[in-house]
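What follows is a structure written as structure tokens; I'll ask about it next.
As written, the chain order gives the labels A, B and C, with residue 1 at the start of each chain.
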Amino acid sequence: MALDSKTPKGPIKDKWTNYKNKIDLVNPANKRNIDVIVVGTGLAGGSAAATLAELGYNVKAFCFQDSPRRAHSIAAQGGINAAKNYQGDGDSTYRLFYDTVKGGDYRSREANVYRLAEVSANIIDQCVAQGVPFAREYGGLLDNRSFGGVLVSRTFYAAGQTGQQLLLGAYSAMNRQIGRGKIKMYNRHEMLDVVKVDGKARGIITRNLITGEIERHSAHAVVLGSGGYGNVFFLSTNAMGSNVTAGWKAHKRGAYFANPCYTQIHPTCIPVSGDHQSKLTLMSESLRNDGRIWVPKHMKDVEAIKAGTLKPVDLAEEDRDYYLERRYPAFGNLVPRDVASRAAKERCDAGYGVNATGEAVYLDFASAITRYGKEQATIKGLDVNDAALIKKLGQEVVKNKYGNLFQMYEKIVDQDPYNTPMMIYPAVHYTMGGVWVDYNLMTTVPGLYCIGEANFSDHGANRLGASALMQGLADGYFVLPYTIGDYLSDDIRTGPISTDSKEFEEAENDVKKTLEFFITNEGQHSVDYFHKRLGKIMWNKVGMSRNVKGLTEAIAEIKELRAQFWKEVKVPGAADEYNEELAKAGRVADFLELGELFAKDALNREESCGGHFREDSVELDGEQKGEALRNDKDFAYVSAWEYKGEPSDAVLHKEELEFNDIELKQRSYK
Amino acid sequence: MSGILNSSIGRKFAMALSALFLMFFLLQHFAINILSVFSADAFNEASHFMGTFWAVQYLLQPVLIFGVVFHFVMGFVLEIKNKKARQVSYAKNNGAANSTWMSRNMIYSGAAILAFVVLHFIDFWIPELNVKYIQGDMSGLHNGEFRYFAELQHKFVNPARVAAYVIAFVFLALHLLHGFESAFQSVGANNKYTKGLKGISKVYAIGLPLGFIFIALFHHFNH
Amino acid sequence: MNLTLKIWRQKNASDKGKMVDYKVNDISPDMSFLEMLDVLNEQLINTGDQPVAFDHDCREGICGMCSLYINGEAHGPDRGVTTCQLHMRMFKDGDTIFIEPFRAKAFPVVKDLIVDRSAFDRVQHAGGFISVNTSGNTIDANATPVNKADADKAFEAATCIGCGACVATCKNSSAMLFVGAKVSQFALLPQGQVEATDRVLNMVKQMDEEGFGNCTNTGACEVECPKGISLENIARMNTEFLKASLKG
């Protein structure tokens, strides 16, 4: 099947408007006869469910958590971008579009990104109307901050928990519809398959996580807003329950999976403290605005620090290596996430890591504290040479800006970051890849839609800070509700979809068979045992820096691990009760397949772009020597993989990317 | 407005209003009693006025009785309802980690006060009703003199009774230490004045019972 | 360190349940409390026993999914944290730790340490929203300035993560801190004024129907709340409720 992105014709700035003017609509009376299933209740799924219900569709929404409010969108800290230009600093729809495409290293679909930038301003209006308490200035108007190294202040925020506040907004919109009976909410339900009838997505099979009951749910269309798959690495900043199952089952039913290898590794996370670690904690990127990143220059100091005989604060300035400032004088500590992460790995691989595991670098606020302290002393007319006073004043400023993050760090690491530098290390954070969708956000399965992080569309090979929240809400509030109507307008005479068909029965039997297998298999290793091993392979060979040898090995090792999993996995308990191990087993089984496709995709893409860094595709000389080298001639396409059984048999379909409104350039931060 | 007492917040509000009323009554009661320390005559005058003035006897007294009964009955009703809201209790609960003993045991301090009120009624209020409304003697005189001060002194001769009174007032203090500020919180007053209010509440909650104890001991030892 | 754990085990909602003793060894002080339970569960799975079921998801203190009543306190002995952010360095070698589910009639136990907190959702279905359609046809976000002090207070109320620690810790199992925070967030913003009367009446009504107890102002909820939600929010709800009752 040829990939058709269905991008409307015409100038980029008119595409979305013209599209909306021409699509087919469903009249209100008919909407009452149409059912839509939404899987996932994060920003994308939650906002979509609420909006579809307001429009009049009958919505069934599903989440595996105990309440829609707990979806992992809640953990986003920094903010949400919108081209409002409230600061009058030259922002515009075009500029947000341009920054996003460039930030994504020219691997996203232009028309989708432009539409995202176009609706971004409306998101803020919408959220304020819903009562989302964004930060405000003393004049009562909304405050903005700058983020992720762009040149304007377009990020709206609610202290360090913008994600929670936006999700509560979407959740409140859902609550209103649940109260009215327009959304039927299924908490603690996990989707385990998509059901296709006559080639169209017509329902899903779910498992009630409390009772273990397998249920059939039918609808005229199915929307997946099930988030990213970062947990394929076992350790990531994703929630423990975040998984790829919904997207992967869709893939197995015919939805292409796009760019699985595009993963964002966030540079400022709290380092792993030991083998017991179950997840990683992110510290907002905003810390890099004031923190300076360094490791010792000399190996003897590294050893002394590890041995505890030298304190980092006692190391002289000239014995420190501020490697980002050294390598990237123009952007310094504010280089994009992928660059900062690789630079940290480079130093740690060379042996300069500063903690016991050798995987940590310092993020130091001492000079910011001094700078702010002097500023405050000058403002207040106090003695600028009084070191203790300067430190105190400076710490107060830093506390106001980052207090909650510093407190979180102290709770986890048990060190006081006001007086000793923080230790940080990169961690898997976001996946730009996902289920392939066209301009309508429909997958290659008719009637099956995919929104938010679960799809691949807007961020290319690297996502800018504060853009994930924007995309989730744009898809759910403003894009999908239009595009799905165009599809559903053909379904006004279909009537209710029966769940008694053989397609439903088959899908249900498949699901039951797998669960039965897990329960009865007499294995000897827990699910986590396999998940951890998968994570190690992924992190070591398909992580921040990739090469042919490692990727080839990874593919073989994952395949072997998968075979072992299906032989030796051990799941206690029964299928007809609350059984977290059973739920985990199903998720890890899917990760074991995705992981291989992920590595295969990385092997196929013989270029470095965004989060995907290939050691064999770097600048060989000149000022940029050693930096990532993109190959636009051969790789300016989306890799969309078609399922054919084993991941190794997956067939590649290319969606060529055309750039008519932006000139392709190599990124430089020197 | 209808059915406000059927809502949790409505009940809480009623509890607070009755508490505020009772606290005002206690203050008034104390103001008259303390006169007995300085001047028997003044105490007699005030007592006679309170005991015979129609508005006090026929308006305020029934209101007070209603307030007392309401506060106790509602207190017990709420306690039972609240107990029902947790059917299985914790194997280990460290209440002291997050709240004061007083706040967690209002029902016990309240019950102790109730026991005292019963004693107090038997001591003063029932004899008073007997003299005034059954025997019909509204003169307030005994052997030609006002009887109130003498009766008061007589009551505090017995050290066991004095001890009971002192213990009851300690419970009253414990009850008020939480109850005073709690009542304000319940009626929605939690603002910039709250800190000051907490200070006043401590003074009232400790000072007033101490004052009553002082009066009891004063008459016991100055008999 | 080596620890003795006393954990509530209950097969399902209808099972009676009981406390069971377990031992875990070689626990690192850097582990989070839930990672310590992961160790126990791995141990139980390997010996063919049923792992202990507990709720958890983000493990960074924001989703509100984790619960647990640890040594007599909601989210354990540390302050300003959820159970997932509680670290083992708060305990000593040889300690005995009681681990129980959040207890309230309105939060029935589902299994072991997992409780059903959907009562919170239902309270919000009753009025925890501003009735504005998500069509995007709203006024410009800056058309309604909001006093910064009010906006900040609304935000503080909105930081509630809905974990239920307030209910668990309250001797009366009262949900007033939770409902108070939700009512306050909207009551403080101009957008929330239009529906203020119905909102508070409906939410309080639903709260009462769910079987939560009454607030007696012990203040325990404020102390144990991982987000430090203030009692001020309960006072505000009381005023709002009274205002609404007089009006309605």
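As a working rule, a contact is a pair of C-beta atoms (placed from the backbone, for glycine too) under 8 Å apart; a residue touches a chain by one contact, two chains touch by 3 or more.
Since this is a predicted model, take the numbers as computed values, not measurements.
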Among all the other chains, which ones are in touch with both subunit B and subunit C?
none
Please state which pair of chains has more C-beta contact pairs than any other pair.
A-C
Chain closest to the assembly centre - both centres taken as Cα means:
C
Averaging C-alpha coordinates per chain, one finds the centres of subunit B and subunit C separated by a number of Å equal to 37
Could you state the distance in Å from the CA-based centre of subunit A to that of subunit B?
62
Could you put a whole-Å number on the gap between the CA centroids of subunit A and subunit C?
26
The subunit C residues in contact with subunit A across the complex are 11-12, 28, 30-32, 34-35, 38-39, 42, 44-46, 48-51, 53, 55-65, 78, 80-81, 85, 87, 89, 110-111, 114, 116-118, 120-121, 124-136, 138-142, 144-148, 151-152, 154-155, 158-159, 161-162, 185-186, 189, 191-192
Can you list the residues on subunit C that touch subunit B in the complex?
6, 8, 17, 19, 69, 71-73, 77, 98, 100, 103-106, 169, 171-174, 176, 204-205, 207-208, 211-220, 223-224, 231-232, 234-239, 241-242, 245-246, 248
Considering the complex alone, what residue numbers of subunit A touch subunit C?
47, 50-51, 54, 65-72, 74-75, 84, 86, 119, 122, 124-131, 133-142, 158-159, 161, 163-165, 168, 171-173, 175-176, 178-179, 185, 187, 210, 237, 239-241, 273-274, 276-279, 281-282, 407-408, 411-412, 414, 477-478, 526, 528, 570, 572-573, 577-578, 580-581
For the complex, which residues does subunit B have touching subunit C?
1, 4, 7-13, 78, 81-82, 84-95, 97-100, 103-104, 106, 178, 181-182, 185-191
